[in-house]
Each structure stands twice: as C-alpha cells, then as structure tokens.
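So, here's a batch of structures to check.
In what follows, chain A forms one complex with chain B and a second complex with chain C.
Here is the complex of A and B:
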C-alpha cells in the first residue's frame, strides 16, 4: 500500500475522521475550560456531527474501497451513517439539557458519544474481520463507559459493569468465531472467506455459529437478550436512547454485511435459526414488556421485540432479497426516530434527583405539558405501528416482505405480536392523558424541545410521505446486494 | 378560477375556525370579543361574497364559450389501477345555476346571520360551520365526477348535523342533529351503491365519460334495462334521504332545531335541493328508464301531498315552513322525475328565493318575540314588524302560485309537464296540493301578522323590528321572489301577448340536459288554448286555497275550532296534527326492534367475545410473570444463560448443516 493510496483512503473516510477529530479536540479543550462553560462544548460536538453528516451525503454518489479493501464505502454505509449521525446528534442535543439537570460532566460525555459513533460508522463499512472487531470494540467500550457515566448512581455503575462483563463475554465469543473462520480459510476478508467456504469443514460451521451468537448479543435478540433490561434501565436516560438506536443499528449493519457477503453459502441454515430467533425475540420482548410498570424498562423490552421485527425482514430476504433487505434498513431508520424520541421525551421530563421512568411519573402530562404529551403520543403510536406514523409504514414493509417471500406464519406471528404491543404502548398514553395527578415536571428546555419536535415531526411526516426515505433504503440495499 | 369559488369559503373556515372558534384568539392572543365578532363577520361574509362574485364572473365567461362548459383539472386525486379520479371542476349551465343560487343566497343569509346570531356565545363557531357548509355545497355542485359529488354530499351532511345540533347543550336539539345524520346515512348508503354500480357498468366515474357512454347506442345495447333502472333508483335513494322525500323525510321537520338562518340556507334553499340537482345531472339515466321515472314521480307526488296535509294543522311557524319545504321538494322531483328537468331546476331556483325569504321572515318574527315560535301566541304583528310582514306576504303569494310571482311560473311548468307526460292522477294530486299549499301558507300569514295581537302586554312594549342587516336580505329576497320567475316565462305566454320571446332559463340550461327526450316546453297538440286552460286551473287552485284560508281565519276566526269538533274532521285533524304518526311508527318498527337486537348482540359480545379476549389476556399475563422470574439481575446467572444460548445456536447450526 503506497502513500498515495493511504492518502486517498484517508480522504475517503473524512466523515468518520471529522467525528474522531472533534472528539479529540473536546478531550484536549476540556481541562482548559471552566466548569460553567463546559456545557457549550456541545456546540463543537454538534458542529463535528453536522460536518460528518454533510460529508457522508457525498457517499451516495460513489462506491469505493479503502485501505486495501478493508473498508467498503458505498450507499449501504452512507445510509447507516445517516442513521447513526441523526441518532447521535439528536441524542447529544437532548443530553446537553439532561446533563445540566443531573449535574453530570460534559466534556468526556460528548467525546465518548463521538468515538462510539465513529466506531459505528466504520463498522458499517468494514469488510474484514480485524478492522471489524476493532470498530466493534471502539463502539462498545465507549458505550460501556457511557452506561456507567452517572457515577453517583449505583444503578448506573452497576449497569456499566454488567455491560462491560457481558459485552466482553460476547466479544470473546465473536473473536473465537473469527479465529475459527481464519483457521479454516486463512483469510479475514469477507470475499475471500466466501469463495473458500466449505460446507464439509466443521470449523466453518462452528465459526459461523459463534459469530452469529456474537451479533445476536449486540442486537439484543433471543437467546442472548437478558442483559438488555438491566443495562438499559440502569444507564442514564439519554445514553439508553443513544445506544438503543445506534448500537443496535450498527450491529444489524455489520450482521448483514458479514452474513450476506461472507457466509451466504450457509444461508439456508442461518436463515432457519433466524426464523426461530425472530419469533422468540418478538414474543418474549412483548410478553415481558406487558407486565412492566417502569416505562424505561418497558421500552427496553420493547427494543428486544423491535429487533425481532427487524429480523423478520432479514428472514424474508431469503425469498425477496431486495424488498426484505430494504425493509430491514427502513425499519432501523424508523426505529431511530420513534425510540430515541421516546427515551428523549423521558429524559426531557426527568428531574435532577428523579428520572422520569415509572408510569405514575407522567400522570397529568396532558394537562401540564400538552405539546410534550402530543409528541409522546406520536412516539407511542409509532412504536405500536399505528398509521399514519413512520412505525406503521416500517412494520408494513417488513410484514409485506415476509408475505411476499411466503413466510406466512412469520408474518402472522409478527402481526399478532404487534397487536399485543399496542397494549403496553397505549397504557403509557392512558397515564399521560387520562390520569390527573399533578406530578412535578421540569422547566422547559428549548434545545431538547427542539430535538423532540424534530423527532416527532419526523415520525409523523415520514409516516405520511414515506416514499422518499423508502427509496433511499431501496438504493442502499441495492448497492449491497451482491 | 373555478377552484377559487370553492376555496374561498374554505379560507373562511380556516381563519374563523383556527383563529377564533378554537379559542386561540381569546386565550392566547387575549383578543376581546367585540373585535372577534367584527373580524369573524367580515371574513365569514367576505369569503362568500368573493365566491359569489367569482361565480358570476364564471357565468359571464360561460356565456362566451362555445362548448358551453368550463373544466378545470387540478390533479389526479385517486389513481388506483384502471380507476383514475381527478380532482376537477365542471362549470356548465347546470352547475352554474346551482352555484349562483348557492353563493348569492348564502351571502344574503350570512349577512342576515350577523344580526340574528349577534348575541350568541359561539358566534365564530357558527360562522365556521356555515362557511364549511358552503364549501362542501360548492364541491358537490362543481365536482366533475361522482366521488367528488359524494364528498360534498357527505360534507354538507356533516355541516347540517353540526348546525342542527348547534345548541348542543339542549338534549332535544342534539338528538335532532343525530336523527338527521342517521336518517341521511340510509340514503347515502343507496347513493354510494349507485356510484359503485356506475363504475362497475361504465368503467369510469367522470361525468363526461359516463354520460357519453350512456348515450352511445352501441354501449347501451349490451346493458340490460334493469341495470340502468337500478342505478337510477339507487341514486334516487340518496336523493330521498338528502332531499327529505317519503319515507326518509322525517329528519327535516326536526332539523328546525338549528338556528333559523341555518334552516333557511341548508334546510330550505340549498342542501335539501342537492337531490334534485343530482337527478338533473344524471338525467341520462332517468330518461332511459321509464320505470325509475314513474317511481320518482309517484314518491314525489305522495310526499308533496302528505307533507301539505300535515302543514295545514301545525302551530309552530318553522314547522309549517319545514313541511312546506318537503312538499315543495316533492314538486321539484315531480318535475325532474317526469323528464322536465328544466322545470324542476326552475322550481329549485324560485323556491330557493321564496323559501329562504319565508324562513328569514320567520326568523325575524322569532327574533322580535324573543324566541317564541307558536303562531297561536302571535297575531297582529303587522303593526310592529312592517317590513317583515310585507316581505313575508310576498313570499307567501309566491309559494302559493299567485300569477306574476315567481312560484306561479315554476309550479305551472311542472304541472304542465305532468299533464303532458300522461301522469294524469299525479297532476290532479299536485293540483290539490297546490290548493293546500295556498291554504296553509295564508293561514300561517294571517295567524302571524293579521287579526288581534295575542302576545302578552309585556312583550308588546319590547317588540321591535329587526336591524338593517336582517331586513336588507329580506327585501332583496322579496324582490327576487317576484322577479326570479321572469327568467323562465314560457314561450306560449310570450306569444299570447304578441312578443317573439322564448324561455331564457330553458335555453340556457338545455346544453346540460344530455338526454334525447327533451320535452320541457308545452308541446301540446291542442295549441295554446290547453296551455292557458292548465294555467287557469292552477291559478284557480291558488285562489281557492287563499279564499278558504281568508274565510276561515280572517273573516270567521271561530270556524276552525267549531269544525274540529265534528267527528270526521276531528279524526282527520288529529291525524294531521300528529303528523300521521309516522315518527311513532318508525320508532316502533325500526328503532325499538333495532335496539332490542343490539341488546341481544351486546350480550353475546359481553359473554362470549369479551370472555375469550379476557381469557387470552389473562393467559398472556400469567406467561409474562413466569418469564419475569428469569430476570434476576445476577451477573453470573446472565452469563450462564448466555452460555446456554450460545451453545444452543452452535448445536442447532451444526446439526442443521450436517443433516
């Protein structure tokens, strides 16, 4: 690899670099800034993310590979990067007020968000296991720290440590799988692995299974979903929002690339497993969500079941490649709006010493803060998949692709689950709109309110006019299908 | 330009609705009520005036165009397979007449409302609804396909419901609103089935396409006569609901619960005539189905007669007018049903003038008496309300068919058409109805304005003529009630006085009547002598009715009471006074049966369906609680579960890849 190519490759990853550089600048600036100005570091973060976003848009025009084929920069990458940056940007906006309220530290927080996001972005372009694993860890380690970021809260610290241990466990499994594949094929590049894949060699099979398990953990799907409720519940609200959309989408991105590009020889087998996994993931997530009295924990379980819906799209791509894959991509896009919105609203409503997480905490919301109540209503409707929200269109596409691919039972189970989920989402609204107890609510926070308004309007308007964003998903899926 | 005719009232709805009726102005902007009322009146009337002026300009433009129609396409509204429904407007003579009547009469009534509703708390809500009504009515009239007409059709139904129940705190008024809405549903069901059938048969819903196919012999040869009859009758079911014909007329008298200007605009002049417009629009179907025509004329005649017999004994001033509206709508349907589309439309126009006038006049009386509607407690009001009484008298004479007033020309056209088309019995009943009409209208006038005042002494001091904003519309409508008839003076009358004139209204409208049999003028073989004979009979009918009423109520005021004591008259009187107990019969046959059936089904729903649903919910809850126990919070436990999970995936994968 000569200098020219290094320069060219570096130039190609400018969107990621802009995030990393901003993160570094923040780390350097942080000690020199007086405490009361630290919250303004947010503006630098936002600027870095916006630059990254703008540079990333350029990627819809070309498909390039960088660093000797370890990264593939195409529309698929660009699409996922949009999800990551939107998620990160809006999570940071809400975080600024949230950190201020709960008296956390600003500087490191933003840098960690940026590092984690850059990890996600690189992850969606990785085509080689070593860089893939590194990006995976960049993303994960930053999120481990963020989960335990509220050092005054035992729950948050517990969450961070649990995540670290269990995440490390899953990384080990993933790495073990990678090692087996490398041992069998002698390569870490996905295309080479695909061409050397041999059904007769058990190392390939075992390696595939372990890598699958590693990704299933990050996606938060059955049977490796147990960590989700505890960690989501313990982490600071904004961090939960950020990781529930970002980490999950990144895990899906890398999952799609590895399995469709590297392990397509074994497609029948892992598709079968995914069928089972998606059914259990949807059902268990929903059933457990029903009995929760904490909205935060309910949303944690609901994020499990949403992973299940997205998996339905992957299974459907067995028969309907383009429709199935674009429906997964679209689902993750939609999920970003509605789930980040839901967590963002709870963060908005949290007080210094009391997180807004129980159902009772939002009673009387409609009387006291009608606009927030409307936004929350849009997010809940969207999560439940009720038209005209984006959640409806996303679910519709996923189930439609399952039906087109003739996975009728999968579609039926998915729809029944969706019906079930309406119960606990709408219960939130019952408390918000119909209970009159006057709870204490925080003072208005203009920036957060702005972010929540964008998310709710996005969830609504993209639900009414879904076709433009849907075409983007089709394009992204098209660039990726081999 | 056409689109602005429709959009103007919508702007009124948005401004008045969003800014004022929503409370935005009062609560958020802290605006005062006086300014609010001024702006609302200005916007509410202004948009209608704009619409009216635009309609007039479009009318002038239409006269200059050769093809006699203006079509404006906005966009494709519903693209779905072979079905393509455009959002487009049609301005041809028929819709031109309708939109001129709708906009100008609406404008007058809007102005009238400023005075009438001045004291009302929900002033801006009232104008929002009223503007909304005009918007939907214009959509109905100007739409160039059946779905658009249907949207307008349902929209005016909604506006009507909202305005009948405008004072919804009064349970009875809210009930009247619901009744109107539900009865109309029955008609709308027929209407929409008719639309489906049209699409099924003709493969389109656009007027030009459907009617040109219906007129081409090659196309029609393949379609059985019965299908066209079914279409015509299904559409007529819709008309029966909206235009209050037997058996669905029962909602209209109750609809008088709304404010009086609403009764004048919606339940007399415009909305209820939508059915007549629809049949005139679909004349192609009716002219090809003699069966449908016969049924339309039969029902119309029966309705006209029945409503007239009820009107002669009612004591509520608005109720008399309501039954009179039902009866007059019957006349219009006789016209369009017998193929005399122009005559029917002509009566629609003149009726819009004089019935709006009569309603507004009654509103002026009610306003002056502080809400009193019972004519037994009125009398002698001419002295107190000079303008109202004179204009009311003009309206009365117009509806009675006194020569030189507008009703005379239009009613005569219809009677002539009936006679000519061979509906002899219907013609005779219509003639008798004309006697009854003149009778009950004069009775109403005499009991209200003539004789000795029967109002309380206290009220006498407070009674006052209405403000100018109410009187000016009355005067203008009175002029129109006289002059409106002159646009349609038939040819033979011109000839008799030695002028080579023609029926202007007919000439203008003729290009909209596409059907081949266009018998609208009196082409009787017997020459103009028969014409004049028929005219003479209907004039006679009017005067007999008037003379009877004057004799009974002005000359010998005690006669009616003595008459009702005689056995046969007494039975008839009670029947008429009780509205022939149609409401009670409906209640017994339909409402009670339906409620009982519903109760039975509710039981099934409660026990069986809810039982099943609750059972499932309980089972799911139990399962969820079991799952919950797996969530211990212990790190080691989770790690163990994960290890099991990983192993499971590994084993499954190896097994499925091997075997």
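Here is the complex of A and C:
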C-alpha cells in the first residue's frame, strides 16, 4: 500500500473524518470558552454533522474499497450513514436544551456523540475483523460514558457501569469468536473467510456461534436482552434516544455485513436460529412492555420488540433476498424517526429535577401543550404501526417479505405482536389526551420543538409518500447482495 | 523447533476465558468484575498470538495489540465509573446497583 493509496483512502472517508475532526475541535475549544457560552458549541457540532451528511450523499454514486480492502464504501454504507447522522443531529438538537435544563456539561457531550457516530459510520463499512472490532469499541465506549454522563445522578452512573460491564462481556465473547475464526481460516477479511469456510472444522462453528452471541447482545435480542431496560431507564433521556436508534442500527449493519458476506455457508443454520430468536424477541419485549408504568422503561421494552420485527426481515431474506434485506434497512430508517421522536418528546417535557418518565407525568398534556401532544400522538401511532405513518409502511414491508418468503407463521406471530403492542402505545395517549390533572410542564424550547417537528413530520410524510425512501433502501440492499 | 503444541495454548486461553466469564457473573466486587473482564479479553489475545505463530501470519499479532488497547480503554472508563459509583454509595459491592428495576 503506497502513499497514493493512503491519500486516496483518506479522501474516501471524509464524511467520517469531518465528524472526528469536529469532535477534536470541540475538545480543544471546550476549556477556553466561558461557561455561559458553552451551549453555543452545539452549532459547531451541527455544522460538522451537516458537512458529514452532505459528503456522505456522494457515496450513492460509487462503490469503492479503502485502506487495502478493510473498508467497503458502497450504497449500503451510505444508507446507514444517513440513519446515523440524522439520528445524531436531531439528538444533539434536542440535547442542547436538555443539557441546559439539567445543568450537564456541553463540550464533552457533543464530542462523545460525534466520536460514537463516527464509530458507527466506519462500522457499517468495515469488512475486516480488526477494523470492525475497533469501530465497535469506538462506538460502544463513547456510549458507555454518555449513559453515565449525569454524574450527580446515581441512576445514570449505575446505568453506565452496567452497560460497561455487560457490553465488555459481549465484546469479549465477540473477540474470542473472531480469534477462533482467524485461527481456522488464517484471515480476518470477510470474503477470504467465506471462501475458506469449512463446515467440518469445529473452530468455524464455535467461532460463528460466539460472534452471533456478541451481535445478539448488541442488537438487544432474546436471550441477551435483559440489559436494555435497566440501561435505557438510567441514562439521560437524550442519550437513551440516541443509543436506542444509532447503536441498534449500527449493530444491525455489522450483523448483516458479517453474516451475509462472511458466514453465508452456514445460512440455513443461522436463519433457523434467528427464526426462534425473532419470535421470542418480539413476544417477550411486548409482554414486558404492557405492565410498565414508566414510559421510558416501556419504550425500552418496545425497542426490544422492534429489534424482533427487524429480525423478521433478516429471516425473510433467506427466501426473498432483496425484499427481505431492503425491508430491514427501511425498518431501521423508520425506527430512527419514531423512536428518537418519542424519546425526544419526553426529553422536551422533562424538568430540571424531574425526568418526564411516568405515565402520570404527561397527563393533561393536550390541554397545556396541544402541539407536543399531537407530535407524541404521531410517534405512538407510528410505533404501533397504524397507517398512515412511517411505522405502518415499514412493518407492512417486513411482514410482506416474510409472507413472500413463505414464513407464514413468523408473519402471523409478528402481526399478532404488532396488534398487542398497540395497547401500551395507545395507553400513553390516553394519559396525554384524556386525563385532566394539571402537571407542571417546562417552558417552550424553540430548537427542540423544531427537531421534534421535523421528526413528526418525517414520520407522517414519509408514511404517506414512502416510495422515494423505499427506493433508496432497495438500492442500498442491491449494492450489498453479492 | 516448535516446543509447545498449539492445542496447549488454546486450552489455556479457553480456561482463562471461562474463569473470566465466571468472575464477571459470580463475583460481587466491582473491581474484581473489571479484572475478570480483562481476563476474558486477554484470553482471546493468547488465542490470537498462538494462532498467529501456528499460521506464521502476523495479522494475529496486530490484532492482539489492537485488542490490548481496547481492553485498556475499557478499564479506564470502567474505573472512572467505579469512582463515580463510590462517590454515591461508598461501597464497591455490586448489590448496590439495584435502583433500576421495573
């Protein structure tokens, strides 16, 4: 690899570099700025993210590999990067007011969001295990710190340490799996591993199983899902929104890349395992969400069941490769809008010393803040999969692909689960619209309101006119299928 | 020339991995949990180096150095969070982490 190739590769990852550089600039600027101006660091963050977003759009025009084939920059990467940057950008917009309210620190917070997002972006393009593992950790470690970010709150710190220990545990399992695969194949490149894959060699089977366990943990699927509710509940609200969207989508991206590119020889076996996992993930997430009194914890359980719906799409891609994969990609895109919106609304309604998380905390919302109530309604309808929102279209595509691929039982169980989930999403709206108690709500925050408006309009308009974004997902899936 | 066969290294790394996993699950002290986590990550490193030598391929060594860095990062963040927990609870017993329950 000569200097020219290094320069060319560096040029190819400019979207990621713009995020990393912005994060470094923030870290350097932060100590020199007076406390009352620190919230304006947000604008630098937003600028860096917007530049990254614009540069990333170029990627829809080409497929290149960078750094001696360790990164593959194609439409699949570009599609996921759009999800990550939209998620990070809107999360930081809402964070600015939230941090101001709760008196957290601005500088490091934005820098950590940027580093974590750059890790996700590189992760979606990694096709070699060293860079994959490193990007995985760049993403995860930043999020560990973010979930423990509110040092004054014992709950936030507890969530951080729990995430670190359990996340480290899953990383160690993943690393051991990679070691076994490396020992069996002598390579860390996914395509070389695929060509040398040998079903007779137990090292391959053990390694695949360990790597599957590591990814199942990060996705938050059954049986390794118990960490999600605790960590989502304890972390600051905006961080929960960011990680429920970004980390999950990134874990799905790397999961698709590793299993479709590296371990496709074992496809029949891991598809069967995923069938079982997705059924249990949907059902357990939903059943646990029904009994929750806390909206934040309910959304955490619902994010488990949404991982289950997305897994339905992966299973369906066994028969219907293109439709199944593009429905997973579209599902993650839709999930970004509705879930970040739901957490963003709760962050908007939080007060200085009291997070808006119990059902009672939003009673009387319709009388006091009708516009916020409407936005919350759109997000809940979307999460429940009621037309004409984006959530309906995404679920329709996932279940359609399952039916086309002749996984009838999976589709039936999924649809029943989706009906069941309407109960607890609509209960939130019962409290918001039909209760009269006058709770205390915070003063209007224009920037957050703007972000929530974008998210709710996105969830509504992309649900009514889904075809453009759907074509993008098909293109991304098409570039990825070998 | 090859003194110790590769199987021995692999058995050692598997044993260390299991001891580490056992420690993370069973032990009550946060510092020991973090140490067990390190043990798990480093057992994978032993496997990498052993495979690397058996295959006469340097990739495993590179991976080991990267994984060591990651392990150091995890422990640095972990200790910072342990200090933050200690400020609140004045104990390192893992049973104090019970505030988040549904």
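Here is the rule we use: the second predicted complex is superposed on the first by the 482 of 482 C-alpha atoms of A that agree within 3 Å, B and C clash if a C-alpha of one lies under 4 Å from a C-alpha of the other, contacts with A are read in each partner's own complex, and residues count from 1 in each chain.
The rule is simple: a contact is a pair of C-beta atoms (placed from the backbone, for glycine too) under 8 Å apart; a residue touches a chain by one contact, two chains touch by 3 or more.
Everything numeric in this text was worked out from a predicted model, so none of it was measured.
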Inset, instruction - Applying the touch criterion given at the start, work out whether A:171 contacts chain B, chain C, both or neither, answering first, second, both or neither. - result: second
Inset, instruction - Please work out whether A:182 is in contact with chain B alone, chain C alone, both, or neither, and reply first, second, both or neither. - result: second
Legend entry - Contacts of A:148 with chain B and chain C, given as first, second, both or neither: second
Inset, instruction - Would you check which partner chain A:422 touches, where first means chain B only, second means chain C only, and both and neither mean what they say? - result: neither
Legend entry - Which of chain B and chain C A:212 touches, first, second, both or neither: first
Inset, instruction - In the overlay, answer first, second, both or neither for which of chain B and chain C A:17 touches. - result: neither
Inset, instruction - Considering only the touch criterion stated at the top, classify A:294 as touching first (chain B), second (chain C), both, or neither. - result: second
Inset, instruction - Answer with first, second, both or neither: which of chain B and chain C does A:230 touch in the superposed model? - result: both
Inset, instruction - With the two complexes superposed on chain A, say which partner A:134 touches: chain B (first), chain C (second), both, or neither. - result: second
Inset, instruction - Under the contact definition given at the top, report the residues of chain A touching chain B in one complex and chain C in the other. - result: 161-162, 165, 169, 173, 229-230, 288, 291
Inset, instruction - State the interface residues of chain A toward chain C in the complex, per the touch definition above. - result: 129-130, 133-134, 137, 141, 144-145, 148, 151, 154-155, 157-162, 164-165, 168-169, 171-173, 175-176, 178-180, 182-183, 186-188, 229-231, 233-234, 288, 291-292, 294, 297
Legend entry - chain A to chain B touching residues, read off their complex: 161-162, 165-166, 169-170, 173, 199, 202, 205-206, 208-210, 212-213, 216-217, 222-224, 226-227, 229-230, 266, 269-270, 272-273, 276, 284, 287-288, 290-291, 420
Legend entry - Parts of chain C lying in touch with chain A, wherever the complex brings them together: 10, 13, 17, 20-21, 24, 30, 33-34, 37, 40-41, 43-44, 47-48, 50-51, 54-55, 57, 59-60, 62-63, 66-67, 70, 73-74, 77-78, 81-82, 84-85, 87-89, 97, 99-102
Legend entry - Contacting residues of chain B [partner chain A, same complex]: 620-621, 623-625, 627-628, 630-631, 633, 635, 638-639, 641-642, 644-646, 648-650, 652-654, 656-658
